[in-house]
Amino acid sequence: MKIRNMVILFTVIMLGAYLAVIGTINASQINRVDVTEINQVAKTIEQDWHAGDAEESGTNGGMSYQIALVTDENYQALLFDGIRNRQTIIDLIGTAADGQEELLGKIIIRTDGSEEATMKRNLIVMITLTFGLVMLMVYLLIGRVHTTILRPFGVMKGFARKIADGDLEFRLPMDRGNYFGAFTESFDLMREELRKARQGEYQANISKKELVAELSHDIKTPVATIKAICELLEIKLAQLSAGDLSGSTATTISESIAKIAVIDAKADTIDALISNLFHATLEELEMLKVNVSEQPSTVIVSMFTDMDNFGKIHFKNELPACLIFCDSLRLGQVIDNIISNSYKYADTDIDIWFNLDKTDKKLTIKIKDYGAGVDPDECPLVCEKFFRGSGESIQNTPGSGLGLYLARQFMAAMGGSIRCYNEDGFTVELGIRVV
Amino acid sequence: MNILMIATNNIKKAKVATATLIILIAIATIFLYVGISVLSNMDSFIDEKNAETNGAHLIAITDGAHDQEIQDIYQSIEAYSYSEREEGMMSMSSSFQNVSTGEEANSIPAVFLNLDTAREISQVKIIDPADQMPKNGVIVPYVLKVANGYQTGDTLKMTVDDASTEFEIAGFYEDLMFASPSNVSMYKLFLGDQQFQEFLAQPEYGSKCSYIAVITDDINGTEAFESEYIKEIKTIMPEGTGSYASLSYGTMKTGVAIFIDIIMAVLLSFSIIILAIAAIVIKFSTTTHIENNIKNIGTLAAMGYTTRQILGSILVEYLLMTAVGFMVGLAAALLISPLITNVVSSSIGLRWATGLYPQAVLASLGVITIAVLGISYFSAAKIKKITPLTALRSGIETHHFGKNRIPLDQTKLSLNTAMGFKSLIFNKRQNLIAGLIIMLLSLVTVFSLVSYYNFSVDKTAMIKLIGLETAEVQVTALADEAEIFDEIAAMPGVEDTIRLNSFDGMIKFKDKESSANTRVTADYSRLKVNTCVKGRMPVHDNEIAITSIVLDNLGAQMGDTVSIDYNGTTREFLVVGITQQFNMLGRGAAITTAGMKKLVPSYQEQNLMIYLAEGQDTEKFVTKINNQYGTEKLQTNSYFASIEMMLDSFEASIKIVVTGCLGIIAVIIVFVLFLVIRVRILRERTRLGVSKALGFTAYQLIGQILISQMPVIIGAAVVGAIAGYFATNPMLALMLAANGILNCDFYVDPSLVILTAIGISLLGLVTVLIVAGKIRKISPCQMFEEGVD
Amino acid sequence: MSNTILKAEMLSKTYSNGSIMQHVLKNLNIEIKAGDFTVIMGSSGSGKSTLLYALSGMDKPTLGTIDFKGEAISNYSNDKLAVFRRKHCGFVFQQIYLNDTMTVLDNIMISGLLVSRDKKAIANRAKELLQQVGLSDACYHKYPSQLSGGEAQRVAIVRALINAPEIVFADEPTGALNSTNAINVLDVMTEVNASGQSIIMVTHDIKTARRANRILYLKDGVIIDELNLGAYRKDDPDRHQILREFLESMGW
């Protein structure tokens, strides 16, 4: 708790106590007589009087009373005596013979001094409460000062000793109200700053490399210009040498031609180097279109099940879970081609075996149907571009002869292999590289 | 604007807290807007409605014997402008039943008027008129359509003693004077000319009467006009004869709006409670936000943002939420406006139109914006004290060197229980906040349920609040009362009879005066409903008990002596008690028969309240009395049934309000718990992750959260419900204080309290289970990393 | 000493974030023998910690199997894994991760009570172990924030050992400590190993690594090589030199 909050709290409590006291004082009505009670008593006395069994003085409803009748000779004296003693005086009314009300006398009700005693008692209670509250608050304040100011100093002392002992691991227990901790913690901030600086350096390095790469790519343009100019010069000089020129000039020109040829050759070399550097990779990127990535082998299962429209595909053993190099889109196409070939030409059950060769890091998928297979002579050709089997039924089936060719291309691009042979039917073995 | 960027970023990060706040603000907006718009427009709405039909300022229904004298009285009063008199038929002991909706018969007096009479004052504009006015067509008050579901074409069966006839409802009219039976227990019905004439000729249905409507110069002075009229009319017609009713615009207007005013006040106070909860949520989320983002704040400060700007970003964040929440709330308020229209219309009996009230929009926007911004400012203001350096030092560290209350090597508790309790002690601040909210809501739930129970299920307390006796039958004798009353008291099936009269008295104290419906009976201790709240009821002839409203008007207190003026006789009475009543706008007084005899020596009690024994059929009894004595000597009506009907019109509104409140309470509890536990899981993800790594299963961790949370939820629900048990009546009294209600005696069924505690605990349990279930999906490693969210 | 207690085959761990998949571990095969002190090294991001967490059953591998004493824990449900961990594994973290809200003794007890209900026995074992790692009884009722980093880490080691697990997994236990404290902690770990418990530790620090008898070098999710120091005595100065050469050849 902040000092400010405490001041506010104290003020509120004191104000509340003050208001409560004022309220109690205001509420305690001095000399207020309970009129209802008096009326009740008076009416009862009246009734009793008429019944004829009321005494001239006595007690009724806890109040002692005295009746002063108009006919009494000491009526005035009784009345004034009552007024002097601040006693309650009320009319005693009777019904006269003609039905009209008439005043018979007064009822004087004697009050005791109990109000004063009550007031005194209330005052004592209030004062005791107020003092108690103030005392409680003082204790609270002292306690607060002890915990917020004196104790942290003790902690600081212990901390200083630890530091003196060389124990820098020891953290200063921090508290919101403690302002000393900032000094020790700034050292950690320094380490943080160093780490940041190192990170910045690393970033700068990366961007530098990128810049070099970009620049080298741009070099190709000026090299091309140099080559063009070399060729132009060569042709121009060759034309000159064809004409009749003096011997020395001719030798100079032929020497120049030779030098230009060297420049041209060197420019070629630069061009080739740059091409090797970037073109190769660029071409590779563009031409392959096969994005080999590391994929969980489990993706293969869904490639088969997606194709399994006739319920003919059966896995003969479980797929070993591992990471493989593949382009799941392309591998899917390969499997798609093989399975649809089988549907087209054999239309039998298809069995699948998986085999993981850990030492060779190769996952083999054997896909086998039980159809007629391929003509053994044509077997080596099935993966060639535009090759289609010569059988009549094959020729009658629509197809382009590209399926297995593409499969081979893709498999090669993925670093894998494809092998086709007959074994109780047509069998394809896909070899996939394992990471 | 960078501040805006930071703000939107913050909002995106704390999706749940944001959603909670938006929903809370939206709910608060709905209540606030509806409350303000209805309360602020009610007055002008009623005035406009009345002006539309040139509604009467005063209506007097008399037996027609003194028309000329009455006219003279009117003209003698200064404010008089013009008046209209027409023939009507008064049926005092009629009861009505809508055969088409299959409702029970209502006993209510009715005055029939001729639809085809040309009139200037209180013109009839028919809503939903029948294509063609059928011969037995009747035009009924609009309240029957909205509150009781009457439709044009329904058959309305009227029974007077043994005779009964059927009408066909041919439309509805709006008239403030007869808007709702809760205000004036009398239907005003319009019949076609032919039917009306036929009806007049059938005395078994009622007697001919004069219906006089008056327009005065000053629409705000109608109550004074009425007192003037009542004073004068007493000189020509003694109490209880000839004059059936006099109704002034001012009284009716207050009366009509009173109930909806209460409902709206409840809505407003509910919206304040929700705002308070929103405040707690804001305080909570701001503190968490600052603690979690202390480094970001430090970075921003280091970059050169001033604390004012950072504070600004937090304020903008809440401003955005307020804006969204307010728009959502406003849209929802407009969306549910048919419901509100229905609630308001059925309470006031006039066709209320809900629209977009710019003032109400601005007022509610103002209240909500100031509340939200104020709280978020004060809870975020501590940012001001954070220097960038302290902020960057991985925040404010909190340490707990407290005593280890549950050392695991000594405790008898099982591991999970002990861990749960450790966490309970550790998270005492959030638990306190959640506990407070749940306690508050639990209290409100008990309050709603109790209100509903007393309004709808057991109406005794409500009737007591209204200040009416629970007698089944009321008999007014026109002659031979002493003899007849003794005979009735001796009848089989009659449990008790009490002679209870009332008259409009004018009470004076010093130089102030106030009118009060003064009851007269010999012995108040015999009454079944005790309306006394302070002091006692009068016993002696010079004693009186008065309602606090009248006392306040007079500036008098208990123990003071007031005087009653009756036909020129003035008598003094000592105020010995304070009573309370809801009817007659809380203006009431009570004196003894002896006291009344001091005012009117010839006074005779003409009214008898009859309490039937259990199982007696009220209707049959009424018929029996009527057969025995005939209507010349007696007027009989089913007293209690008419009170019940009046209450029924409130029931629908109360039901909607209570259901709405309960639904909203459930939503808030779920959201608050959701927020608290989610924040805790996010905060403690590392600890939870380590626990999982150490081999705690998800179920053990969920169990620990459950153990750490449920004592607070159950405790708060129980404490709140118990507080509701004790606080419901004082709260109601406080709410109704304006109507002179000092204390309420609603029956708080302990089973409702238990039900609330159990219901809220179960709701809490389910919420905690669902939110904590998230732990299951998280693997220990993920929990070390930042991105759980 | 040659019986295998933990064996992982074709272990892969893939994190996917939307469409981007990141393979942190790739077809790893690893075998841990009882009593091994195995250290996993590699540059940051090479998957060291992931391997540690996968082996310890804290995280399920995406592919591959992990056998603990012939049981395939990789097929366990999360809850079964939790039960496995509490019985057979101990964990020491770089960030220590003691529960700030509980005393030292309670921190150890929560682990112990998971396995046994005998509070007294656990408390006694905890005190014994605390003595062993050089912590006096003054600290039993301290809170973690009142301890130095080294002390806290030793408490964490005691917590890891309370259930006498077969394997202790340590993720850079000395990473956040100064050198004196680090040596202290490592001495404790070496002792633990000497008493027959296997240790699998991830570290960056060559001084820490030379305590091991087997070094695995991880790069891009693959163990590219391993070094066996088992043949050298623990205090053989050659150890350091051989390790240095090994790491240099790995491109450390």
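By letter and in written order, the chains are A, B and C; residue numbering begins at 1 in each of them.
The rule is short, and it goes like this: contacts are C-beta pairs under 8 Å (C-beta built on N, C-alpha and C of every residue); 3 or more make two chains touch, one makes a residue touch a chain.
Note that the coordinates shown come from a computational prediction; the quantities given were computed from them, not determined experimentally.
Visitor: Enter the minimum step count from chain A to chain C; a value of 1 means the two chains touch.
Guide: When the steps are counted carefully, the minimum from chain A to chain C is 1.
Visitor: Average the C-alpha coordinates of each chain, average all protein C-alpha coordinates together, and give the chain whose average is closest to the overall one.
Guide: Central chain: A.
Visitor: Count the C-beta pairs in contact for A-B and for B-C, then report the pair with the higher count.
Guide: Result of the comparison of A-B and B-C: B-C.
Visitor: Just how far, in Å, is the C-alpha centre of chain C from the one of chain A?
Guide: Chain A and chain C have C-alpha centres separated by 29 Å.
Visitor: Nearest whole angstrom, what separates the Cα centre of chain A from the Cα centre of chain B?
Guide: 44
Visitor: Rounded to a whole Å, what is the gap between the Cα centroids of chain B and chain C?
Guide: Here chain B and chain C have centroids separated by 67 Å.
Visitor: Which residues of chain B are in contact with two or more other chains?
Guide: In chain B, residues 397, 399, 401 touch at least two other chains, as defined above.
Visitor: Can you list the residues of chain A that touch 2 or more other chains?
Guide: In chain A, 173 touch at least two other chains.
Visitor: What residues in chain C touch two or more of the other chains?
Guide: Within chain C, residues 145-146 contact more than one other chain.
Visitor: In the complex, go through chain C and note every residue touching chain B.
Guide: Interface residues on the chain C side: 50, 53, 56, 58-60, 78-79, 82-87, 89, 91, 93, 97, 99-103, 105-106, 109-111, 113-115, 119-120, 122-123, 126, 141, 143, 145-146, 159.
Visitor: In the complex formed with chain C, which residues of chain A make contact?
Guide: Residues of chain A touching chain C: 167-171, 173, 293-298, 320-323, 356, 358, 361, 434-435.
Visitor: What residues of chain B sit close enough to touch chain A in their complex?
Guide: 387, 389-390, 392-393, 396-397, 399, 401, 535-536, 539-540, 542-543, 558-559, 574, 576-577
Visitor: Per the contact definition, I'd like the list of chain A residues that touch chain B in the complex.
Guide: 32, 34-36, 39-40, 43, 173-176, 181-182, 185-186, 188-189, 192
Visitor: If you look only at chain B, which of its residues touch chain C in the complex?
Guide: 397, 399-401, 404, 407-411, 415, 419, 422-423, 426, 686-687, 690-700, 776, 779-782
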